[in-house]
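Chain naming follows the written order as A, B, C, D, E and F, and within any one chain the residues start at number 1.
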């Protein structure tokens, strides 16, 4: 089956910043992404878990973006502006996609 | 620690198609997969979010399949038949696994 | 944008073992991870789905750990001790991260 | 005539309608107010269980009308016929493709159980009785419309993807099973059963309906905000016209069946309402090319609020004029 | 004797049992009806809180029986002993491995709080009082069975993985903490407290129980569908025989303690029922080699419905025969 | 004086407070007891809807006091002023950085609606009436404190990130919209509306509050366990001192407005309480450098339980002493 090179970017970010991140992506014409819920985690700012929350103040989500390799930098620039001052993690993996015309 | 080459296939698909996809995988003797919930996303058919839904008509899930490299094409063929006429995204990444006898 | 090599480890494990796994990671000084909920899956011990559960006995979670390549073995050793006697899957992918000082 | 207006005014100032309006306004203003999906689903399960159970108990009380079987058959026929009319109207009024028009038509043949619940609640508030078995008629009307829509598509040359699994999914979808199941439970356990769980399924019913409609308002408002602008005027007009067409058929059928005033209103409401749960799911599987934002926005953003606010009092007034009080 | 049948018939036509049946049928027919996990968990929290609270209040009213401590001790002993008997029966009746048999046995020494709740609700419906502290006995019976099972495994050469964390998880698991906590709250706040929250924890109780059992039916049905076929006849028979053995021990213990008719029935129910929450979780940690589909299917798919439908009326009839009304 | 103690004792033995204590203890003991997030959110929606609705209905009954506008204005001023005082105290009592101190201060100018609900419930239990529009005052007091805090930061040279989106998020956050919306619905639909949904929003209210506080206890306990040890004594002392300062300002303002005894207590409670929903979210966006574990632990782990257990009876006694019964 015919596949094509692409990049898979995974951004773990505070839930309250989700809207700002996806808006920055859309503004950079990155229109394809998927948002996953996150149950908990641990990082430099300590451990947290969804069951310890009363408010949307401290939850996180994961935004996954599959993108053509040549558009990666545009995406990272847009994302970086939003995550920069916030806790969160950005990783990039090489991948192959079916139906490349979709990306 | 001893690891082995494998492929990680990630299929984002409408929730109503989940059963049909996993059945197609099982029929192709792909018996290992994990299903993740999806909160929302954006693609060619626009943005959507789980909080904007009354019914199971428009939600999505992510099916993750780790598989021996030589079985990748069987899997992609089976998955493609199901996702072809539907919205959704398929990506493949190289990975390493522990306990290869499990795959 | 400047990126750095890292490893992305994805561990799918029974929910009741989550605490024991993350404790083992913390003990091995792996302090960064993210926990995702899992809806269902299939493996050698059969199919299961979250909607078929009354108790926390049979659910699963996915723990994702992004780590410097040189620390991978420490992590895998720690994780292996916990998952060894339990059902579950461990996979490792090469990735690139922004803000390497965080890892 | 003044009656219609006073009834409509009274309806519009009820907590139920106001809760829906609050949800819609909050969504249009982009507030972050949301009802958790699990809570909304739990409330819909509660409402289906309660309405089914009460229907079953009332069948015990009043006996099964000889007309039960006839009413079920009529309901199925209405559900199968209305899509053809809706399709015709859509061809005239809008430029929708054949597949999109068929998908929309399926929704209008099928029913919205929440509209049915809201109407029951208005009838109850006005002390108007109705046939308990109307909930069974509601259940029967869910599916036939889907068949008509697929036939419309295939008679146009294309074809929907109808498989065995989809059949089971449609006929055994959660809402139908719960509604019919609770109906049977109410029937078997009767007044004794009702006494046991009365303070759960009767007293708090309207309050739960308020919160559920708050959520429906949020969802409808969000749908309108994101997709509303893309809907052409002809399509929007269809969303308000079709309920009037549907209710006329419902009225005629009720008259033919000799239903009581309450039963007549409920059959009108069923005919006038459009599905937004079972049918959208079926369409995604069987007609994936049809654009979901058209049918979901129409059904949930236009027809549902129309029926909830103006429709129900109007149908009641019409039924009173034709059947007498 | 005819009494048993009429009681059983009455029990079988109650909305509670019918809701369970509806869930089981829906799951077996592969309907997509589901209760959201969060809603099911919320209902179980409600039921535990309500039953614990009412138990605590009734202890204030009737005073603490001198037997309280003795009852707790007896409960713990029953929970520790029953697994040995269950294990013996499993060795005779089935070909299960030592580890699987021990894991199953642990479930039968421990208890199912929902069966307890359903039995309380039947007693209440028949106007039969019971000792309020039985909820404390229920809490005490959750854990000892796990120890016995681990001892059975280790005395066979192998060994379970019992660590400090697992101890805390078992003894402070959510159900026990909530049950005992609500019991203490009811005890402290007494009738005044009950008056405050009566219309929340008393009136809607049975209705919530219906929806909760609907969910239990769905889960049990799904379990039976996927794993039922793999269970050998001997294993299945054990699932219906063991409750009868358990209830006899419960009856003897109740007689020894001099419990009231209601308390006797409840102790029989506790002894006859099998855990499907606390013990499965503990077994996954301590005995991961044991096959969960065996113990979950037996406990939830066979023993739970058996107790719910036939067991409770039977135990009540037995207790009446032995203790008198 | 003995009155305060008996009121405090009575308050401490109410199921509401005991449920909070149970949650806190369970979390500190690391029990796995949890309330699903969706259930907790659903309960908070229920509580906001009920309290808003009842406030609106009571405004219809008693007419809008000429003071309504003045009360809203006073509330806004209190909310804007209290952060300045809190900031001053923090500078004196603690070594917190300017940004951390400003973030904490914002929480104490804003309000905790659950504390307000608990106080209403105590007043109701003691038969003390209050102005229905106090819920509108509560809504108005949510946001101004955030502005003061951002001003404090920027006047120190640094600057918060305040954008148009954040404005909308603060002013249209779910709690405010629901509280005000339900208030308006209650106002429009009046006693008729209340009769319709009374057995949903009035009768089970206290019971739902118990389970909600159980969850708050769990969350507060978990927060204390993980972050409590890192809080310096000065910071902890602030968490108990600031409510006393706040309530004094509230008392003065209530006296100036000529509020009834009940209204006075509620304004004291609003001033004494600290936000743990709207403000933390705003701070994460506007002042991401501020450490959330400081402000969340203080607000939820110290001030909330302080107000719930000792604060409310104390403010009531103070108000009675100053205003008379």
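Basically, a residue touches a chain if its C-beta (ideal position, glycine included) is under 8 Å from a C-beta of that chain, and two chains touch if they have at least 3 such contacts.
Note that the coordinates shown come from a computational prediction; the quantities given were computed from them, not determined experimentally.
Enquirer: Determine whether chain D and chain F, two copies of the same sequence, contact each other through the same residue numbers or different ones, counting it as same when over half of the numbers at the interface appear on both sides.
Expert: Under half of the interface numbering overlaps between copies: different.
Enquirer: Would you kindly say which chain has the C-alpha centre located farthest from the C-alpha centre of chain D?
Expert: Following the centroid criterion, the farthest chain would be C.
Enquirer: Which chain has its C-alpha centre farthest away from the C-alpha centre of chain E?
Expert: A
Enquirer: How many Å are there between the centre of chain C and the centre of chain D, using C-alpha atoms for each centre?
Expert: That pair's centroid distance is 45 Å.
Enquirer: Counting only Cα atoms for the centres, state how far chain C is from chain F in Å.
Expert: Comparing mean C-alpha positions, chain F is 39 Å from chain C.
Enquirer: What whole-number Å value describes the gap between the mean CA coordinates of chain C and chain E?
Expert: 35
Enquirer: For chain F, jot down the residues that touch at least 2 other chains.
Expert: 32, 34, 36-39, 42, 199, 203-204
Enquirer: If I count partner chains per residue in chain C, which residues reach a count of at least 2?
Expert: Expected reply: 36-37, 47, 56, 93-94.
Enquirer: Kindly provide every pair of chains that touch.
Expert: A-B, A-C, A-F, B-C, B-D, C-E, D-E, D-F, E-F
Enquirer: Help me check something: in the complex, which residues belonging to chain B touch chain D?
Expert: Answer in residue numbers: 14, 16-17, 19-20, 46-47, 50-58, 85-87.
Enquirer: Could you pull out which chain E residues touch chain F in their complex?
Expert: 36-39, 41-42, 45-46, 49, 53, 168-169, 172-174, 177-178, 181-182, 184-186, 188-189, 193, 196-197, 199-201, 203-204
Enquirer: What residues of chain C sit close enough to touch chain B in their complex?
Expert: 10, 12, 36-44, 47, 49, 60, 62, 73, 76-77, 80, 89-94
Enquirer: Chain F touches which residues of chain D in the complex?
Expert: 13-16, 18-19, 22, 25-26, 29-39, 42, 125, 199, 203-208, 210-211, 214
Enquirer: Hey, which residues of chain A end up touching chain B in the complex?
Expert: These residues of chain A touch chain B: 1, 3, 6, 8, 22, 26, 31-37, 61, 66, 93-99, 102.
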